[in-house]
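These are the structures, in structure tokens.
In what follows, chain A forms one complex with chain B and a second complex with chain C.
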Partner chain A sequence: MNATYDVVIIGGGISGMMAAITLVGCGKKVAVVSKGDPVCCFSTGCVDVLADGENPLKGIGSLPEHHPYHLVGDKGIAEALGLFRGIMSAEGIPYVGDVHANRRVLTSLGRSKVTCLVPETMDFSDIDPHESLHILSFHKMKDFYPQYITSRYAKAAYSTFDAGVTTTVGIAERFEDSDFLDTFTTWMRGLAIQEERIAVPAVLGRGSSGAVYHRIGGECGRTVFEIPTLPPSMPGLRLFGGLKNAFLRRKGDLYWGRGIYSVEKLGNQIEAVTLTGPGRSTRVEGKAFILATGSFVSGGLQASRDAVMETVFNLPSYLPPGTRDAWFQDDFFAVGHEIEKAGIRVDASFRPLGTEIENLYVCGSILAFSEVMKYRCGHGMAIATGVAAAKACMGAYSGI
Partner chain B sequence: MIRTDVIIIGGGSTGCGIARDLALRGIDHCLIEKGDFAAGATGACHGLLHSGGRYAVNDPEAGADCIAENTILQKIGRKCVERTGGLFVRLPGDSKRYRDTFLKACDAIGITTEELSPSRALDLVPALNPSLEEAIRVPDCSIDPFRLCMLNITSSQKRGGLVLTHHTVTAIIKEHGRCVGVTAREEITSDVKEIRGKIIINATGAWGDRVARLAGGSVPITLSKGSLVVTNHRITNMVVNRLRPASDGDIVVPNEAVCLAGTTSIPVTDPDGIGVDPGEVDIIATQAQEMLPDFAATRLIRTYAGVRPLLQSDGENGRSISRGFRIIDHRDGLFSIVGGKLTTYRLMAEKMTDTVIAVFGLKRPCRTAELPLEGQEELSGYPLSKRLKSLEDIVCECELVTADAVERVAGQVGTRYLGDIQHRTRLGMGPCQGGFCTYRALGIMQEKGKMTPEESMGMLRDFLQRRFKGIKPALWGDQLREEQLIESIYLGILNMEQEQ
Partner chain C sequence: MAFDFQHCIRCTVCVANCPVFKVDPAFPGPKQSGPDAERFRSDDEPSIDRWIRLCSQCKRCEVACPYGVNPAEIILREQTRYGERHFRPFAQRLFAHTYWVGIVSSLFAPVVNLLTPRTFVKKVLSLFGLSIAIPFPLYYFHTMDRSWRWKGSRNSRKKAVFFYGCFINYNRPDIGRGVRDLLASLGVRVVIPRQVCCGLPALGNGDLETARKFARKNARILAGYIDKGFDVIYTCTSCGLSLTRDYPGILDIADGKKVAENSYNLHEYILKLMDEEYIRPVFDPLRRRVAYHIPCHLRALGIGYPAARLFEKIPGLEVHILEDNCCGLAGSYGFKKRNEHTSTTLGADAARAIKAVDPDILVTDCGACKMQLGYFSGISACDPSEILKESLKVTDPGI
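Showing the complex of A and B:
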């Protein structure tokens, strides 16, 4: 099988999908090749932009000079986040928040976490320790233990509902069933909850949680919010589902469950990639390629005992100086391990440095110096660089 | 105040073995351990039940003890010893003369050997380096050291032995020049207990000298750090040794669902706060890879180090010092038992208990070599098929531990710490090293009222620090991927900060 595209994107995470949707939105023929569920499915679904300070966009200027955000600029970041919100709203998963203001959400350990844009189901998650809170938990739920939270809040209580299943995804699945939802709301009304707010682990439905969320809020007459859980996390899965559907709705081609088997180059151009997978080999040609395979955790980068390599094109990768001992700090809680700086360095139009290849662009957490954990800029950086790389690609290839 | 006849300090294999022996001979005793069982060298070794082959050439006395004890433990611990068998493999370039010496030495101390052709050896362990010259089969076995301690303690507790884990001995009480008791402080509550006894046994391994000093004595030991790495699956079902004089990275031991490879030998002065150096991991991995080429591509999930308490002798390095043991009578009611190995723990306990019996002027023979270890009937062993009774409610996916199992252990008297659950269920021992299940196990313990949320947060924090310390020296490849995920969970999704 052979197929030809304007742009082939390798990696179906947030940055790859945002690049893809940007390109199909401009009428380009686009393919996304993805090995499987991206790492954002493991995330809280919240869009961290930059955790430091009140206004994340203001903080961009003080990031180290090689941080990829500088290639996009605060205006570009705000635009990209606006585009993201539009896409997600159209998919029935609206995001709330202000790109100029950080906010807090409650975590499953009872801590609060700084983020920027959140799914509407977490809109009321910024809770004051003095407010009263009632948590609706589930019997034997594997990844949620309300005591972690109630112990930190003076006026917090919890009740436990038996959903008949114990996994996050299993319970979320049950909420898609209207009979189950009826039983749940009846039980909830029976509790006659007095507390001001109600929190639920993030299991309110699989796809768009809006209907379940608003029904529960309406029935109890309280503000309700979801608490993101350990992976697999429903808000993360919903986020990815939304982007994937948006791409497919715009007639993009998704090669799912496929890796890159080989790369064909002619001169300074990548011509095509052949995909791994069952059956006959699939050859995908493109005028331009975007690499969005993520960092180590997603497999875009791979470390050996003393080196780091990029796994698709074998691009030259930046590795912090020193031996492996210097890659990490000794303290687990000290964010900012040196190894996080590893990745691909790019020029102002997101083309990798140190290679002859001209029609390749790079975006997302595989970019060198992104240091996502240190700056808490994961999804924001993915969205911003994904859109920017797509624009750079279109700018350079007016023909595509 | 607690009164007993014998106070044992140290809950490693020696201390637990002594407790069992005393119990079987009807002597009242109390065992005090500052952490959990097997927290020192016992739990930080490779879980090898030596055939004695490793010592046959250089330390025949220790080798002879090993093969005798190996045979006894196979008999009394039928369900807790895995009879893996072991190979000593000779690779191209390894001395053929050493092999001849080795065979003679084994023969002299009664270790059964069988010479195997390369193809026969490859039949037994397909992952062996195919260019091996030959292999010699010996009766090496593998054993879970923690479990061994627990089984020994079972005999003690069944007969009224008192066990205080998580109690640090802070002082040895002396009256008229004799040791008459100790004070011990509980780890979390800091409650201090006084325990009085007629004899005090110092079985604290690498901490032996420190404890002896509490009574004004000393113990001549040399400390040697040995580091090991854990693979995420079994590469071999037999113990694989290198047929050459003992050196770094010459052994791979299958243990439960993983393999342990080691070791190194580095002199240290302080038994606390030791760690593994990335360079040691590289040495072990490179050496293991020579015997088992697949090792190069195998994911390492953890590293750890233990401190060998070796009998002191001048001018010898850690590898050549005898693995024999000694009982030191401090002549004030305190006895120290030093040196030895996990494999010879029972013999050490027997000799120590004989000494106690003699002091008390009694005649009660040792029966620990005949009676099977109590409590092993319940052990399942490593095959997954036996652990897969139920797929429901699994909280530790790597080791297939169910919520019920965690709740059962959490509900037992004495379970107070995360480690209690980890050791007793193998929770958190798999590839993610507790990254997912620890949060769950602590959640369950809170629900059971076993600890306050503050305590559980403290334990989670400690756990993550210790875990990272163990993983960090071997962080590359897939384990680095896993680590980024775990980091994003605890520091990102849960936003767990270090300090309140």
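Showing the complex of A and C:
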């Protein structure tokens, strides 16, 4: 049948996209259905793997017993991250870093953030407070204040360029225009910058960030790096764009902007999902399904007074034991809130526990015990479990 | 729908996806124009947001928003509210009535086509607030409503009415006749009933009443056919969006729901016929490299990219899907002088992406995209149905 996909992936975040690309890479016919753009669009674009300690992969061993990383294992994680890097390089958005070593990047708040893989434009972002730095900012740029950084870095200075626009998206768009880039570099040379490194808020183009970045570096003869901004965050958008285009390039099909309205089952098999929307609804049929709808922030999970619901298949979800009062914590932002453990529990091949459905796999931040904020393992866990769930699905359905 | 703005978490995903916001600093973007401003609006107070017109209704914000807010719809409502109370400039009035413009222009097609490229005519139009950055489309006398009105056997199990839309009717009737013949060759009885503009241009130019008038008329005609077992086929993705979304939605007309539930994109329909094993078409190879520019309104339809799925069945066809750019013309939006900068900047951007894949041909479903991108890329744009026709060897008798 024409409308039947080998695998239908629900949720177009990093985990869903990585699963999708893995499957199309093996010749499967794949559709991704997504209600909207994912969380990575407003992230820094840096791939956190596990922020504690020097070597994120070493830290995996000491994670609690049920953490989803254990289902993938160090080797699997390293392989998945390698696959991710290959994909992004081919899309012209190369990532740098070593999966065995964490690194720091400077944030727009003047603090540094521990992460693992970073876009090449942030390669030189790991800066010591005693190093000298020149920030090239933009006149009246929204939500970016170089003073946050200069107040923390004694040898940091800044200059502002009038881009004619003040928003991240607007300035990034300007950098796609070569005349604008010429004007900018001329201005920059005129500054005769003495500092060792140059930092720019992450607005160096949309898709052409690599070319813009190398041009600026070449012209000033210094190491340059981008500082991730508050959303809209260009590195996050580039990351999403890269994965999405990699999927399209491999002949994957997208159904974007629609959630799931209903699910059709035959016995223990899910046969199709129907998308929300006006008019006649679109029906997407699959042999197997992968659920990658994210956690609370993306709507994969929804909390009520006394339960946590999975929103597509109504899968049984894990909630910390006891009543809410037992695990209630006044400070939501304190590291390690119990609610972060909520989610879907899976078996060794990423199939949800406690349901009779047979052709369903789950990956990404919707997985129980992932505790993304506590362990700072966001994109890394999404990549690793996305690839692993895709492989498990292929293993079980060699016929698809 | 009315309270969806309260679900906005201010993630800015819509802002990052808005083509107008990228290039026009005067437009505050979907978040501020939509959910943010909505909480200060009241039906008892007049609409005062001048910049509300700067939204081109491309719907990219809506497709991107993960929280079901639908900024485009909030903005559209405000645009019509603004339109009710404020003077609408000549260009807006003109483009609300592209249907009548089309009727007159096609009647005098040779004269109109001779005049519009003339410098003095362009100057005059420019004085009236029209953009002359890209050439005006050519008009044809031999429109769809002057073409053969049915095709295929009366005894076919599949019956369809073809809603062709203004662009095909007046500016590219050859594509329309091709669609008719393609469907007939697939064993579908095609009927082309009398019809008027879908109403989208009027709606987009702040004229809700005119849009409703058009929609009511179409819905009455189409519903009559639907009751007789016909499906409705559209190829223009903006007409499609209007039929499936606006008829039962903002226009809220009788039979709107019926029309919405029975309307199919052409390629979606062909796939359906294949799924039902009604047809087993054999696609001949076409050795070509195609840049397929996805129109914003095809994305907004939420049906995936059905033409691309058909292209996959054509041996030798190498298809590059480009879905990150809005062509910028957005129907009549870019033909207004105020929007010229936005439209041409976006058009040039999208053309760059097309040229980067170095295609033999450019394919796109939407008429506005065809005009704009054909002009900016220098590669003439064709319709997905033309590719299918060629691969399926459907000959065009041309009447």
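Heads up, the rule we're going with is that the second predicted complex is superposed on the first by the 385 of 400 C-alpha atoms of A that agree within 3 Å, B and C clash if a C-alpha of one lies under 4 Å from a C-alpha of the other, contacts with A are read in each partner's own complex, and residues count from 1 in each chain.
One rule holds for everything that comes next: a residue touches a chain if its C-beta (ideal position, glycine included) is under 8 Å from a C-beta of that chain, and two chains touch if they have at least 3 such contacts.
Remember, predicted model here, so these are calculated numbers, not experimental data.
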Have a look at where A:S295 lands relative to chain B and chain C in the superposition and call it first, second, both or neither.
first
Where does A:G257 make contact in the superposed view: on chain B (first), on chain C (second), on both, or on neither?
second
After lining up the shared chain so the two structures overlap, which partner does A:P231 touch, if you call chain B first and chain C second: first, second, both or neither?
both
Is A:V335 in contact with chain B, with chain C, with both, or with neither (first, second, both, neither)?
first
Kindly classify A:T282 by the partners it touches after superposition: chain B alone (first), chain C alone (second), both, or neither?
second
Contacts for A:K140 in the overlay, against chain B (first) and chain C (second): which applies, first, second, both or neither?
first
Considering only touches as defined above, state whether A:G25 meets chain B (first), chain C (second), both or neither.
neither
Applying the touch criterion given at the start, work out whether A:G170 contacts chain B, chain C, both or neither, answering first, second, both or neither.
second
Looking at A:F42 after the superposition, I want to know if it touches chain B, chain C, both of them or none. Which is it: first, second, both, neither?
both
On chain A, which stretch or stretches are contacted by chain B in one complex as well as by chain C in the other?
42, 166, 231, 298-299
Going by the contact rule set out above, which residues of chain C touch chain A in the complex?
11-13, 15-18, 21-23, 25, 29, 62-68, 243-245, 248-249, 260-264, 271-272, 274-275, 299-300, 302-305, 308-309, 312, 320-321, 323-324, 349
Chain A residues touching chain C in their complex are 1-3, 31, 35-38, 41-42, 164-167, 169-170, 173, 176, 207, 231-232, 237, 241, 245, 248-249, 251, 253-259, 275, 277-280, 282, 284, 298-299
Going by the contact rule set out above, which residues of chain B touch chain A in the complex?
277-278, 282, 285, 392-393, 395, 403, 436, 439-440, 442-444, 446-447, 452-454, 456-457, 461, 464-465, 467-469, 472-473, 475-477, 480-481, 484-485, 487-498
Touching residues on chain A, where the partner in the complex is chain B:
39, 42-44, 107-114, 140, 142-145, 147-148, 151-152, 166, 228, 230-231, 233, 295-299, 302-305, 323-325, 327-328, 330-335, 339, 373, 376, 378
